[in-house]
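Questions regarding the structure given below will be posed in turn.
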Amino acid sequence: MALLRKINTKAKAEINTGFGTNTSAYGGRLMNKNGRTNIEKHGVGFLERISWYHTLLDLPLWKFLSILVFFFTFLNLIFALIYLAVGIQHLSGLDAVTTSDKFIEAYFFSAQTFTTVGYGRINPVGFVTSAISSLEALVGLLSFAIATGLFYGRFSKPEAFLRYSGNAIIAPYKDGAAFMFRVSPYKNTSLTDAEAKVTIGLFIEEDGVTRSEFFQAGLEYSTVNALTLSWTIVHPINEESPFYSFSAEDFAKAKGEIIVFVKAFDDMFSNEVVSRSSYVFGEIIVGAKFEPMYFRSPDHNKTILDLDKLNSYTTIDITSILPVSKNNVATA
Amino acid sequence: MALLRKINTKAKAEINTGFGTNTSAYGGRLMNKNGRTNIEKHGVGFLERISWYHTLLDLPLWKFLSILVFFFTFLNLIFALIYLAVGIQHLSGLDAVTTSDKFIEAYFFSAQTFTTVGYGRINPVGFVTSAISSLEALVGLLSFAIATGLFYGRFSKPEAFLRYSGNAIIAPYKDGAAFMFRVSPYKNTSLTDAEAKVTIGLFIEEDGVTRSEFFQAGLEYSTVNALTLSWTIVHPINEESPFYSFSAEDFAKAKGEIIVFVKAFDDMFSNEVVSRSSYVFGEIIVGAKFEPMYFRSPDHNKTILDLDKLNSYTTIDITSILPVSKNNVATA
Amino acid sequence: MALLRKINTKAKAEINTGFGTNTSAYGGRLMNKNGRTNIEKHGVGFLERISWYHTLLDLPLWKFLSILVFFFTFLNLIFALIYLAVGIQHLSGLDAVTTSDKFIEAYFFSAQTFTTVGYGRINPVGFVTSAISSLEALVGLLSFAIATGLFYGRFSKPEAFLRYSGNAIIAPYKDGAAFMFRVSPYKNTSLTDAEAKVTIGLFIEEDGVTRSEFFQAGLEYSTVNALTLSWTIVHPINEESPFYSFSAEDFAKAKGEIIVFVKAFDDMFSNEVVSRSSYVFGEIIVGAKFEPMYFRSPDHNKTILDLDKLNSYTTIDITSILPVSKNNVATA
Amino acid sequence: MALLRKINTKAKAEINTGFGTNTSAYGGRLMNKNGRTNIEKHGVGFLERISWYHTLLDLPLWKFLSILVFFFTFLNLIFALIYLAVGIQHLSGLDAVTTSDKFIEAYFFSAQTFTTVGYGRINPVGFVTSAISSLEALVGLLSFAIATGLFYGRFSKPEAFLRYSGNAIIAPYKDGAAFMFRVSPYKNTSLTDAEAKVTIGLFIEEDGVTRSEFFQAGLEYSTVNALTLSWTIVHPINEESPFYSFSAEDFAKAKGEIIVFVKAFDDMFSNEVVSRSSYVFGEIIVGAKFEPMYFRSPDHNKTILDLDKLNSYTTIDITSILPVSKNNVATA
């Protein structure tokens, strides 16, 4: 029996994922492990397609700092050339004799003006050079407004700091089985009112055409008051689950993606923080139990949360729990 | 039959648009294409009617920078005059001989103080000039707090960066037709929990009196989990739509405006962003289908979203779907 | 018949106003016209009772600036004294001869360091004075972080910029009457998703004891999509209103307060803004109609909102609409 | 009868506290009095477990300032060593003769550059030293972006400024009893739309195994429009309360924690603020009434809120109200 036939018809379709249903248009993963969507934009001008704010907030630190140093150097070079052009003699206090030394002194005078250090050994004399240097100080203050604003913005950007278990598992749950994964805050944050939303995407080939179907994954509970320890998010494989008739083989052969979205309130940021991730079927361990990851401290006064155990599980045989696959995908 | 009679009486009136119902008071469009309301405020003092924060955040960049340069120059001129008034001899280190040169040096001393560059060749001596220059440094720091705050505020202002299809279309939908338009994020943003609200405003002339009626446009679905690709917002023309009895001619002759409001959560801004737009009836193509705007990448690893195709549609004949207009507005 | 008896028993009590019900504890108005609650806190230490952030954000501008200038002067005086104490000879470049001149130069050296202007004519020599001045520069940068942060924070603080009609009115409404007032944004803001909440507080003397009763005022509609023109907030005096049996005399004699709370989303602030106000019974005009306050512009292209007309009303006789007061409060 | 048997089976379990149910893993209090959870994280690298933003925003002021001064000194030392390494002769204007004096001058030149004071007596000459000092000015501006951002961030961090009564009480309420505590804003804030959530956690030993059970505490009312005076949060001990069958002895012997979570909107911060606290059973006074804490001012124009009375109560005998404990825990 084809996998398509085995998708539980009572499962609640998720119609508004924002990913569309025309799977033939998709390539690869919808969402990467780090929560970014796997989409490239074309058309419109390149510059129009870029939000500098988003780009600069999102760059790795070394790239961000390189860009800062590049712009700092570039703008100083421009101003140094301007000072040379209007006449280096209008900079009093120069020690330089050769042209290259003069350029170097003009460059560093520019840097001292741009950063408003203004030692003053070199200083502008006359209207034109004074005017340019006062303009440069203004440009410097405005440039550093953006540079330092972004630098602090990167540092203080609300982030969820959540870590997901590398694998999702199919574990025994009540009378049947459940799809589970764990998430845990790994930094000294204090998250409240956390909410999870899980969407199951299945890519189905039938008669040579690939189609995607999205389903809401019903959760054991989808909110927690405080997200301080680990949270095992549980999708019970019951009559409303698209996995209701799935055998172990079906899980192994299915293609698609389970998309996870968690949001919570961080009271240090005083803001909502969001986190996304996804599991492909290859990352699901059929038949496993998560090991406990928090313990009482030796002095019995605290709870210890061991983050290294986030993905710790022991495999168990659950074939007796899952439906038997008489006609699996391969033989369909 | 007059258009008024053709408005579906089962359509759900939108009573709280904030635009009132006394159409005779209105002029032109309620909302411009860019989402701004077409309203002018009179009364109260002019200065009281202005929020400088809103004004300066909203100005085109060149106007904003011009205002900055103007204020910078203006304040330096004022302080230069003060330094001259209390006695230029209290500025040590001047090279100037003529009065105009002295004014120029006082001006640039002021600029060097205001920006806190403070080269120091020119520096204050004595109580009065020192006091004024220390006050100026304070004024400078406070002025730049506003200037740089606004400059960074403009740069980092949460914006939705959404683009709407230039036209709305009436397209086949299920057994009948639907009013549709498309919206797509055009920058490298990541929007979640997007929600759309569409209000249909019809301006009706009856017995020489114009009246406006607003209706909630029921949507196929009004939220998407992630707004990453394009989103076709669909108002099915069913029994609850004010357009239920509209023929193609009625759409052509109707006057009014379809007002669109979209909000979503941007996790880089960690804030809600909003976007508004509107379509007048002249912008509706009766009988068209949007062309797909996203594709699988050649290497099958990504999805490509082609923003240039946002307004791409092919016209089709849908007269057989729409009600026939026996008595259209013109013959009424 | 005492007023108490005339309060409609079907009116929905508002139990969670946060103002309590023990009226004997209250004095005067609960909420001032500007929306501030009329409460004074005692106990706890004075400094603990103060949030400097709230206080400094809320002060009139001239007081805020005075405090800034005071602290700037005060800290410079302290540092000037320290420079004198460790030996004025460690400041190179002084012109001063007399002690008072030396103090003045030390003071302005301090100011130049604190603002990081650092002209450099006067500059520190030797370990102790250099160390103090480098510490002062650090203190200056941190102090200006607070000062300029607050200055910009005051400038950019999300505010609703709403104006309320000076009077509330009792006007004809459908078959009966309604309590109405108007609110209008008076600056160039763009408010969406506005929501109003109105609470009616009645202070009742019975057997020499005063008691307060709070009621939710049902509104014709309590939200508007866009708050761009004026919004007339209407509480219909129907069977669920506490005013259902009120005659004109009862309104005149009643004591209490109608508390108004409006919130909306301002997309330039990207934040929710709130506004509060209140009406005492003396501010209610029994029998009036608001005059229109927006018009079509002469060129028919815009809507003009005339803010001067916010409180314009024409009085009308509505005694025939209100219940006759056989036994009013005075004769009870 | 064991306490376990006395927990009302009709009480609504709180399944999503985020604290798990495996009590054997816990140690001590779940939440400290100040609202912090009593959890320690292990595993992952130490640096990865730290959010510097959260840590630095949360440190006591003196520790935060010490860290600032330490980093300021440390970075200046590093740069001083670099200036020495590349040749102290490239710093013009030095008075120093001895090596240690040279190091001191290099250090203070660095400090003057780092803070952008730049007096200029000491100033860089030549390419290498000039380049290092211009880099240092850049590093200084970026470092102060973080330092001043955090300093202002600490000052302006949205906080609830709520104080809880030190004790919770069991007081007479309607026909029975209720669990109550008081909360009051103690600073000049203006909180609206406050909401409280109370969770009762009971730790039960049965057959030598400890188990935790969490219950939602139903509240008399869980929201207030304005949190301006004191708010007595009341959990009626009715048929839905886990305390329904508790005698005074049971309260004394019970182990567990009542966890309180309050959130509200502060319009000066324009943000939601949250506050948490908890009561252990030892902090519950069985049989008490809170004394009033607000009064009319002498001039009858204001309400006075006396914060010192937040925990003022008078004990009363309520044994006749509570169920008699035939078989209390000790005798079970």
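Should a chain be cited, it is by its letter among A, B, C and D, assigned in written order, with residues numbered from 1 in that chain.
Definition applied: a contact is a pair of C-beta atoms (placed from the backbone, for glycine too) under 8 Å apart; a residue touches a chain by one contact, two chains touch by 3 or more.
What you see is a predicted model, and the numbers here were worked out from it, not measured in a lab.
Colleague: Interface check for copies chain A and chain B. Shared numbers divided by all numbers used: above half gives same, below half gives different; which is it?
Modeller: Different: fewer than half of the residue numbers at the chain A-chain B interface appear in both copies.
Colleague: Compare the contact pairs of B-C with each of A-C, C-D or B-D and report the one sharing over half of them by residue number.
Modeller: The pair repeating the interface of B-C is C-D.
Colleague: Counting C-beta pairs in contact, which chain pair has more, A-C or A-D?
Modeller: A-D
Colleague: At what distance in angstrom does the C-alpha mean of chain C lie from that of chain A?
Modeller: Each chain reduced to its C-alpha mean, chain A and chain C end up 40 Å apart.
Colleague: Could you work out how far the Cα centre of chain A sits from that of chain D, in whole Å?
Modeller: 28
Colleague: Which residues does chain A have that touch at least 2 chains other than itself?
Modeller: Residues 116-120, 144, 149, 269, 271 of chain A each touch two or more of the other chains.
Colleague: Which part of chain C faces chain A closely enough to touch in the complex?
Modeller: Per the touch definition, chain C meets chain A at residues 116, 118-120.
Colleague: Could you pull out which chain C residues touch chain B in their complex?
Modeller: 68-69, 72, 76, 95, 104-105, 108, 111-112, 115-121, 144, 147-149, 151-152, 155-156, 159, 161, 163, 186-190, 192, 194, 221, 223-229, 231, 265, 267-270, 292, 294-297, 299-310
Colleague: What residues of chain C sit close enough to touch chain D in their complex?
Modeller: Contact set of chain C toward chain D: 14-20, 22, 24-28, 30, 36-44, 48-55, 57-58, 92-93, 113, 116-120, 123-125, 127, 130-131, 133-134, 137-138, 140-142, 144-146, 149, 153, 157-158, 197, 199, 261, 269, 271-274.
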